[in-house]
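Here's the structure we're looking at; comments come further down.
A, B, C and D are the chain letters, set down in written order, and residue numbers restart from 1 in every chain.
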Amino acid sequence: MDFQMSPKGQDFLKRVKAFMKEEVYPIEEAYYRELHSLDNRWVVLPIIRELKQKAKAQGLWNMFLPEEEHGGAGLSNADYAVIAEETGRVFFAPELFNCNAPDTGNMEVLVKYGSEEQKKQWLEPLLAGEIRSAFCMTEPDVASSDATNMKATATIEGDEVVLNGRKWWSTGIGHPDCKVLIFMGLTNPEAHRHQQHSMVLVPKDTPGVKVERMLRVFGDYDEPAGHGEVSFTNVRLPKSAIIKGPGKGFEIAQGRLGPGRVHHCMRAIGAAERVLEQLIQRALSREAFGRPLAKLGGNPDIIANARMSIEQARLLTLKTAWLLDTKGILGALSEVSQIKAVVPSMLCTIVDQAIQIHGGGGVSDDFPLASAYGYARSLRLADGPDEVHRALVAKLELNKHRKR
Amino acid sequence: MDFQMSPKGQDFLKRVKAFMKEEVYPIEEAYYRELHSLDNRWVVLPIIRELKQKAKAQGLWNMFLPEEEHGGAGLSNADYAVIAEETGRVFFAPELFNCNAPDTGNMEVLVKYGSEEQKKQWLEPLLAGEIRSAFCMTEPDVASSDATNMKATATIEGDEVVLNGRKWWSTGIGHPDCKVLIFMGLTNPEAHRHQQHSMVLVPKDTPGVKVERMLRVFGDYDEPAGHGEVSFTNVRLPKSAIIKGPGKGFEIAQGRLGPGRVHHCMRAIGAAERVLEQLIQRALSREAFGRPLAKLGGNPDIIANARMSIEQARLLTLKTAWLLDTKGILGALSEVSQIKAVVPSMLCTIVDQAIQIHGGGGVSDDFPLASAYGYARSLRLADGPDEVHRALVAKLELNKHRKR
Amino acid sequence: MDFQMSPKGQDFLKRVKAFMKEEVYPIEEAYYRELHSLDNRWVVLPIIRELKQKAKAQGLWNMFLPEEEHGGAGLSNADYAVIAEETGRVFFAPELFNCNAPDTGNMEVLVKYGSEEQKKQWLEPLLAGEIRSAFCMTEPDVASSDATNMKATATIEGDEVVLNGRKWWSTGIGHPDCKVLIFMGLTNPEAHRHQQHSMVLVPKDTPGVKVERMLRVFGDYDEPAGHGEVSFTNVRLPKSAIIKGPGKGFEIAQGRLGPGRVHHCMRAIGAAERVLEQLIQRALSREAFGRPLAKLGGNPDIIANARMSIEQARLLTLKTAWLLDTKGILGALSEVSQIKAVVPSMLCTIVDQAIQIHGGGGVSDDFPLASAYGYARSLRLADGPDEVHRALVAKLELNKHRKR
Amino acid sequence: MDFQMSPKGQDFLKRVKAFMKEEVYPIEEAYYRELHSLDNRWVVLPIIRELKQKAKAQGLWNMFLPEEEHGGAGLSNADYAVIAEETGRVFFAPELFNCNAPDTGNMEVLVKYGSEEQKKQWLEPLLAGEIRSAFCMTEPDVASSDATNMKATATIEGDEVVLNGRKWWSTGIGHPDCKVLIFMGLTNPEAHRHQQHSMVLVPKDTPGVKVERMLRVFGDYDEPAGHGEVSFTNVRLPKSAIIKGPGKGFEIAQGRLGPGRVHHCMRAIGAAERVLEQLIQRALSREAFGRPLAKLGGNPDIIANARMSIEQARLLTLKTAWLLDTKGILGALSEVSQIKAVVPSMLCTIVDQAIQIHGGGGVSDDFPLASAYGYARSLRLADGPDEVHRALVAKLELNKHRKR
């Protein structure tokens, strides 16, 4: 057993930490102050473009992508996971390294399943960080926790595929650089239930694509990326826009989700560590009844429980990454769902306790906690609600016993 | 034992319910739509003034106030509690009946402790619903959970009292009708620790009073009442502005808080019932995996637990109100803290579960849940955080055994 | 609203408290010491018979029974509930007042549904405290949480009813005075699902009745009453042994369970109060790290939470009793299940925390906590597991919305 | 990163699993039946001695001990941890491999700190499995969670050390082969607080040593090892009986506890896996309301949560073992306390849920669950209660921030 990163991973981690320390933390507060002072926040501030160039120049770029031949860093999932945690400590940091959702997942899809033409057109500028993308799957009118509820259609008509339907929670669609969407829709309702859907690459400016509105999460638009509701009305594209061919949507979704969930969870763990630091610093710096809050009543237990739940969640996520590395997605099905059920909920709890320790300040904008709560809370729903993941874990558990 | 309201209380409840059904629910959605469409939301929409007139005309006015000689409805705390629950189902409803915080608490203070002059100047227009008020106690720079940390001063200089300091979470201070603040500050640091502070009536336009900014709660300003941060710089007032005289601040605060906490808690229980209705309606109307969410997995348990925790919290709050009626605040010290620790936390849990059942919609603005969460979450801090109330309950419990 | 007992109830309570103080607490420890010193603990110690006589002489007898014409005390369910709490503070106390399960439920069944002959033969000696009884419903071979799983049969053959099957958790069957069992079995599988079963009065010495073994609960036999597994093999009785006639089993069970569950819950609340006293006394008397345990870390929160959960559970149970008094069982269906889901679980939590505060002593026989835990834990299963009660509460909640 | 055991560890694990499958599970039920049929259960059944010989012959012996020169297996803590989990699946299995507490900890102490003479006299027969030992630290009269409360004395008088005091929870002292105790007592109250105590090797038959009684845990004596209360009255031994010299007690305790806690926790994880299997098998085999319990209501969530909490607890414990291997006890202080706070509590929860799914059977002796609960519950107190471990974790966490 060895709980350390590889030497290569350690080297990357060291450099990412240095970058965070020298370039990111020092500008964090100013970044938000400037962004929030704007009437239109759907913009990329110059500092972001500048830091992206710096990170790229240092080779801290596309670290999420194992494949070196595509410009990836050649890191294992397990090694990258630790780096993802580090970048998760600042909400806007992953983008600086071209490692932010949903672009990472979309790039992976193109690497694995894209045609040469699709790669040339979309993967290259995405890998270069020149454009951004969105993923359009969840629908407002049905319980999307059950993917078979999906109503949007991707109908084949001759040489074309025609998209209709309404999607929401398309994260990143508000970004000024967002140029392409991956749309998932029903192509053949007669086929086997996992072969009915297709994924289609849709240039954002295609006629019939309309961003109806941007959605707030607990009061935040999360500009400049944001989350949109998008309507698709007779959107016509050549069949070559379909990824891997009609009916392959579920197969691709499956492959996309393993590493993506590890990344989400590790970033959430980074956020949890950051929030725990804030909790402790506040608890050490405020006094009531003659003692620092950190020593008062149940507060030490809160701190200890936070430490213990972060440690456990991290180890489970690292092991899941290692399973993806060594056994592939089919060897990590239960674990991928386990971390998705465990980590966001753990983060919610810790943010909530940090809010409580901050008193009234905790629910205000004076601290990043209320907005961290919005992020944490929505993670319990994004990519499948906790309930769906627990149900899968239970099912796989029962299967072990049925086989016997 | 009798768990029913008095006939008089039942009559009021019946009429309040009718008012809610006929006047309030039907305009709720339109009210928010209109308010949210405004650039400046710090206004009272005409429908609010109209409904206030209607409620007043029907005698559904100042029901929180037991004293009929002051225009109160002559209801016991226990009877009014049930009515407060009803008004708590819509966030802006309490104001329609002139029964909203912090005006209710401020009016009580004036009824009990105000001079004739103070009553004439401030109590009468408050009772008439012509002006609004705020309460300035919590401070940004100290852990206000320990009231003895308070730093703001109310210094006696000759015939004047001079106020200095900074307060925040002054709810209602953004309201266009807000004309008067009750300020609590340190007058005599040498006195017994419960006789050091004074409460002072401060016209909002007094020189030296400055609303520095309005605070957001989980992204909401809660316009038009809002929560402000207010600085007091050499604010000079005649000594007659002090309520009941110098050093009486804690005595007044004590008397103010009993009924106020019952009101807060009963409104929160009304909110919890409303949210549970929304949870159930969503759970009945959405399907996944072939069944309505209401029947899926642990959801029935969530519904049952919500019902059981609401019922229990309500009974505890009603009993507390009854103790205030029959034994006064000193006979209900533990219970007043018990409900403050139990009810907001219960509401948080139910809102959170309603969010989960609403999926992505739950964290957005499409449902009133994210904003209900902000309200619920801040109630766990307002008027003393949970921790302080639990500590008091524990202390009183230990005292029982020490006496033996 | 009035949270006080009636004057009559108060008088009874005062006298029961005095009896507990003067007669019961002083002999509690010696009682157990003597009982545990015996090789055969399935005996009634003389002190018990003596105290029963004293209680009876003072009119503190059959207080659970509202009907005065049958020797009941004429107390409402709500009044008796408070008395049941008092008796629940000592495990063997209810029997002293002839108010112990399952005899109370069995007496109620006979009062409401028994023939004159059945009353004469069994009700009279039970009311006199001369004999004891058991109730045989749960079966070892099926999930008895679903009553329709029941396999035991009560077949009508001519003028006789013939019983076959196996029951367990027949509480009280080990008592030397136990003379009669109420057996529930399937009579007519063709009938409507709530008219298939019959309840039959079975003298314990009827041929074919065999107590196969006594069951331990977390290591305790709960002598001398105990819990038995009983086989019924071609047990033949005249049809007149059937209560209210064939097929009435469910109807009777329904009527039996309302007050019975209130009694169980109130006794459990009495036990919770007692355990909380023990917790606090230990926490005040032991020191670690220079402070009494009562002041250390999260312990004050534990004490406060215990107080708050007991108060809430008690109020819910009292309201349920009041609903039974004023609206009958059909007006209290949800509440009866609510208390059954809430109270035993609350007691488990408090006992568990008392164990923790007692350290190693808590799990040993030196304190009554491990055995209280066994009692509390089994209450979460007896009379329907928590899950079944929550499911009913949820179902009734959903029904409210479907009707609209 | 690598989550696999070393090849050597894998080989041992494979062989231990085979031994468990072929030799242990098949006799488990019969072993308990036979033991429980005895009047005197304080005996070693022949099957145990036989299996010990078999295990020893296969080299599955003293695997807990890294040092090969002392007859250990040369396994790292991390490798042995996985094996300890396996042996934890059957309560009496660890002894078969000479890997049971408290002998393992006592042997480690002797390996690390014992004199040659002490090793010859006690370590050799312990390593050979010929004798058993006990550890006497906790005291009945003080809160032993604070070790400085300890009252027992080990006074130096000339060439002798004289022991006085009373200890309890001396596990293993009832075993017929128990020949030696390690006693910890106060030697020099004037010294630095961590240099006041000594550990002394006490032959069980030394005059003045008296096993006052054996203690039950939730009704079980855990024969034949058991837990005793022991008085020491002027027990005189030569100074050479002191381990490492006077005042070294805390230093030794510190070194003893790291691996010991890993072993405890891994065995508890093995128990949790076993109980989860029993839970699932019952849940699949019983039906209610037309479905197996495994699919009903919140039961799948219970199964998923159990899986997720076991996985996380295991990884944390393995990482702790790896830290002990790579950084020593001082590099794992927080983690050792973390696992001690996390694992027993996790086991309690899973056993409790298994009990609930087993219905009435769960609290009886028909399943090993009530007794597993007693074991799990007492682990939350043994070797420091949860509270003490959480307090240490919190303290170390706060220290990180103070240093900055």
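Worth pointing out:
In this section, a contact is a pair of C-beta atoms (placed from the backbone, for glycine too) under 8 Å apart; a residue touches a chain by one contact, two chains touch by 3 or more.
Worth saying up front: this structure is predicted, and the values here are computed from it rather than measured.
Number of steps on the shortest path from subunit B to subunit D, with steps defined by chain touch: 1. Counting C-beta pairs in contact across A-B and across A-C shows that the higher total falls to A-B.
Taking each chain's centre as the average of its CA atoms, subunit A and subunit D sit 42 Å apart. Subunit A and subunit B, compared by their mean Cα positions, are separated by 39 Å. The distance from the centre of subunit A to the centre of subunit C, each centre being the mean of the chain's C-alpha atoms, comes to 53 Å.
For subunit B, residues touching at least two other chains, in rising order: 297-298, 300-301, 387, 390-391.
Across the interface of their complex, subunit B is touched by residues 138, 140, 142-146, 149, 168-169, 215-220, 286-289, 293, 296-298, 352, 355-356, 359-366, 370-371, 373-374, 377-378, 380-382, 385-387, 390-391 of subunit A. Per the touch definition, subunit D reaches subunit B in the complex via residues 297-298, 300-301. Subunit C makes touch with subunit B in their complex at residues 1-6, 76, 78-79, 277, 280-281, 284, 294, 300-301, 303-305, 307-308, 311-313, 315-316, 318-319, 321-322, 334-335, 338, 341-342, 387, 389-391, 393-395, 397-398, 401-402.
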